[in-house]
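Starting off with a structure, shown below.
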Amino acid sequence: MLTILFDGVAYGMLLFVLACGLSVTLGLMNFINLAHGAFAMAGGYCTVILVNRLGVPFALGVPIAFLVTALLGGLFERTLYVHVYARSHLDQVLFTIGLVFMSVAAVDYTMGSSQRFVQIPDALQGQFDVLGVGMGKYRLLIIVICGLLTVALQLTLAKTRFGSRLRAAVDDQRVARGLGINVGAVFGITFAVGSGLAGLGGALGAEILGLDPTFPLRYMIYFLIVVTVGGTSGLVGPFLASILLGIGDVAGKYYVPTLGAFVIYAIMIVVLIWRPQGLFARATAR
Amino acid sequence: MDRRAVPILETIGLEKRFGGILAAQNVNLSVKKGARHALIGPNGAGKTTVINLLTGVLKPTAGRIVLEGRDITDTAPHERVRLGMARTFQINQLFLDLTPLESIGLVVSERLGSGADWWRLVGTKSAVIDEIVEIVERFRLGDVMHERTAILPYGKQRLLEIALAFACRPRVLLLDEPAAGVPEAERHELLATIEALPAEVTVLLIEHDMDLVFSFADRISVLVNGALFVDGAPDEVARDPRVKAVYLGEELDA
Amino acid sequence: MVTMAAVTPVLAGDVAAYLKRRARWSPLEIAFWIFAFASIWLFPGKYLILKDTAILALFALSLDLILGYAGIISLGQAAFFGIAGYFAGLIAKYGIINEPIVALICAGAVAAALGFVTSFLVLRGSDLTRLMVTLGVSLMLGEIANRYANITGGADGLQGVDVAPILGRWRFDLYGHNGYVYCLIVLFVCFVIARRIVYSPFGLSLRSVKGNALRAAAIGVPVKWRLVAIYTVSAGFAGIAGALLTQTTAFCSLDVFSLERSADLLLVLIIGGTGYLYGGLIGAVIYKFLQDWISNLTPQYWQFWIGLVLVVIVLVGRERMAAWTVTVRAAVGLIGARAWSRVWPRSPARGGAAPDGR
């Protein structure tokens, strides 16, 4: 049972790293980016190419994936997304779905449609046995890395100048602009970092989540559930939501195999009935 | 018993709190049937909050609202309309893609019970048509009734704003700054229309335009910082030095 | 006393006449349906794609009812399409109901019931939660269909669906002739119902809710219940479309619940335009044409081009596209009306009503 908890936490933290960029984007610019999963996929495939084909060590491949995806995110943001900020939610949905379709088809064309695996170094294979609980080494690594990232993110948000500018812009864009904060730049950087994190998550998670061209479509709903349940007013909400969903999904699939995936949808619906703005959203609805 | 003495609309200890801010406190408003009752006060005094509480857009944190002897504190906004209370908005809230004819037709259909009718076409009931015609003529919208609301001149939009509320045939009509933003050239039409409202409709009016208030109202309530300050006949209120002080921003003596 | 400018009196007769004229079937509409039915004889051999277009058109019509008239964004119409599709397939397979039309109505009712139940969720919260809930419900149903593969056939699809002849007489043949006529008639009937709804006081109240929900409530419209009602009707229509697909193809598979299906539907409606009922129909025709054309060019990567079309449409701007389509429609309508009046002269129509009654 504790193994399941462990696996669930690993899964949840991975989800958090994947989805936090989406949460901040939505909270900051009220922009629904359904193509977020495509950046995760990009990170995964980037790592596959680097590690499998080019022989780059895993420890290097993952951070490079982060950088590449962050750059990609920044590029897309400046050239494409910026035209769609002021549009209605429906337009944003259509636009980003269009991007997803294009990315799925493009990856299918270039990389083929079969599932890809990242060659994980031998040191990370297998598991530790601690007090009778089987802890997969790879999953432990994920927990450690994601945990560190979460702490780093929270510190950045809470303690740095950039973080306070970001929080101000999320709270009230117009006032932040009036205070001289360059909201456009804040958003550009945040979007790039968020995409980069998605790429990092995709790189790390390729083993666990299964990497193939349909990844953005399969996982879009998970990210959206994290964001909806967790709210968009900070990082704590999505973090807790991710853990809840991670454990719920793993436990559900183990204990009730026939309806396993059903559990997260049920959680989502229950939460939305109870609190339409998400579990941890601010009182002022947007 | 003098029926005019029984209030048609009453609030008892009405209070609205937003976090730490008390937008309305202990408001005891009493509006007599057939009255032309004005609610005035400096900006931010809470007048629109009171209207929002009366119509159900906001839920009070304390107190009750009584309409024609019936407690409506927990009644939904659209239900209050059916019970006889309608309002206009300070900033026009119109159906920009509909024509005045369609908008008024909608209100009348709702009221006459065909609102949920999904099979019959709009305009097949002659009772509905007759009412639409009457309201369009009363509010002088005949020459613009087929135009999209979005392109109407502001004065006409303001008339339509009131026409929609009036089409609900309310017994109590709440007007939130009807003359706000109306250019000089179109004010006469608007004011004449307000003055021509039937005597049996009780009107509660929020206004800043003192000429309109003093020529129209037979009773005035002054709201300051969310609390009812002075309440009485126009000449009493006009003479009250405290009211002048509030408007001129002087500190009140203890 | 202020003197008013002289105002022309408003006549009840004029108003009544205007309202009647507004709802009248325009010449363009009549031409559309004549052409649609004529296609049965004009395009033999194309029945299969025509039938698919008719089903897609009905599906898009269902979305138009909630998106174009009530302002509800939904990514989950596939839920209703799919649940009715499987229902129709299962009752045909197990011989529970042997008459297709009765089965169709029952399947539509099942979808409508699901719509009613989920409407309360859908109406809470913001646009995003609405998207989530609608998408979540359809994906969840797909998941359930997958798990209960012993009933639904899972990834292989529902096999052995044997649909009886319509009214005992018309069998679904290989060429699709009867299937197409069936779908076209069902589409027409549903369209007429939708048209009545849209021109009724109920339809007007929906448009008011879409335009200004605050004011709608302030004039006595019970906003929530109207939205529940139209969402239920829309779900029913989507369900009928799904059941039609199952009945005419004797097959139903998991992709009826997919995100791609809901997304393609949005695209259809965006191409055709929302809020005037014909958007779904015209959009379906254009979409199918595009799909046919692009599939012949690049059979495998159709999704890429669809994605590109979506991106381009949004970048260009739906308002600009709508403005173009309105201009094109108005021009076509004018030409059509002139041609029609030469064929069938009538007293000149008074100003106010656009060709398609808007």
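Here the chain labels run A, B and C in written order, and each chain numbers its own residues starting at 1.
We take it that a residue touches a chain if its C-beta (ideal position, glycine included) is under 8 Å from a C-beta of that chain, and two chains touch if they have at least 3 such contacts.
The structure displayed is predicted, hence computed values, not measured ones.
Taken together, the touching pairs link the chains end to end in a line with two free ends. Among the chains, the centre nearest to the mean of all shown protein C-alpha atoms is found for C. Subunit C has its Cα centroid 35 Å from the Cα centroid of subunit A.
Subunit B and subunit C have Cα centroids lying 40 Å from one another. Subunit A and subunit B have centres, each the mean of its CA atoms, that are 50 Å apart. Of all residues in subunit B, none touches 2 or more other chains. Across the complex, subunit C is touched by residues 26, 32, 80, 83-84, 87, 89-91, 93-95, 97-106, 108-109, 217, 220-221, 224-225, 227-228, 258-259, 261-262, 265-266, 268-269, 272-273, 276-277, 285-286 of subunit A. Remark: subunit C residues 2, 4, 7-12, 15-16, 18-20, 22-23, 196-197, 199-205, 207-208, 211-212, 214-223, 226, 229, 351-352 touch subunit B in the complex.
Interface residues of subunit B, counted against subunit C in their complex, comprise 55, 57, 76-78, 81-82, 86-87, 89, 93-98, 101-103, 105-107, 109-111, 114-124, 126, 129-130, 132-133, 136-137, 140, 142-143, 145-146, 164-165, 167-168, 188-189, 192. Partner subunit A is touched in their complex by these residues of subunit C: 67, 73, 75, 121, 124-129, 131-133, 135-137, 139-140, 143-144, 147-148, 259-260, 263, 266-267, 270, 300-304, 306-311, 313-315, 318.
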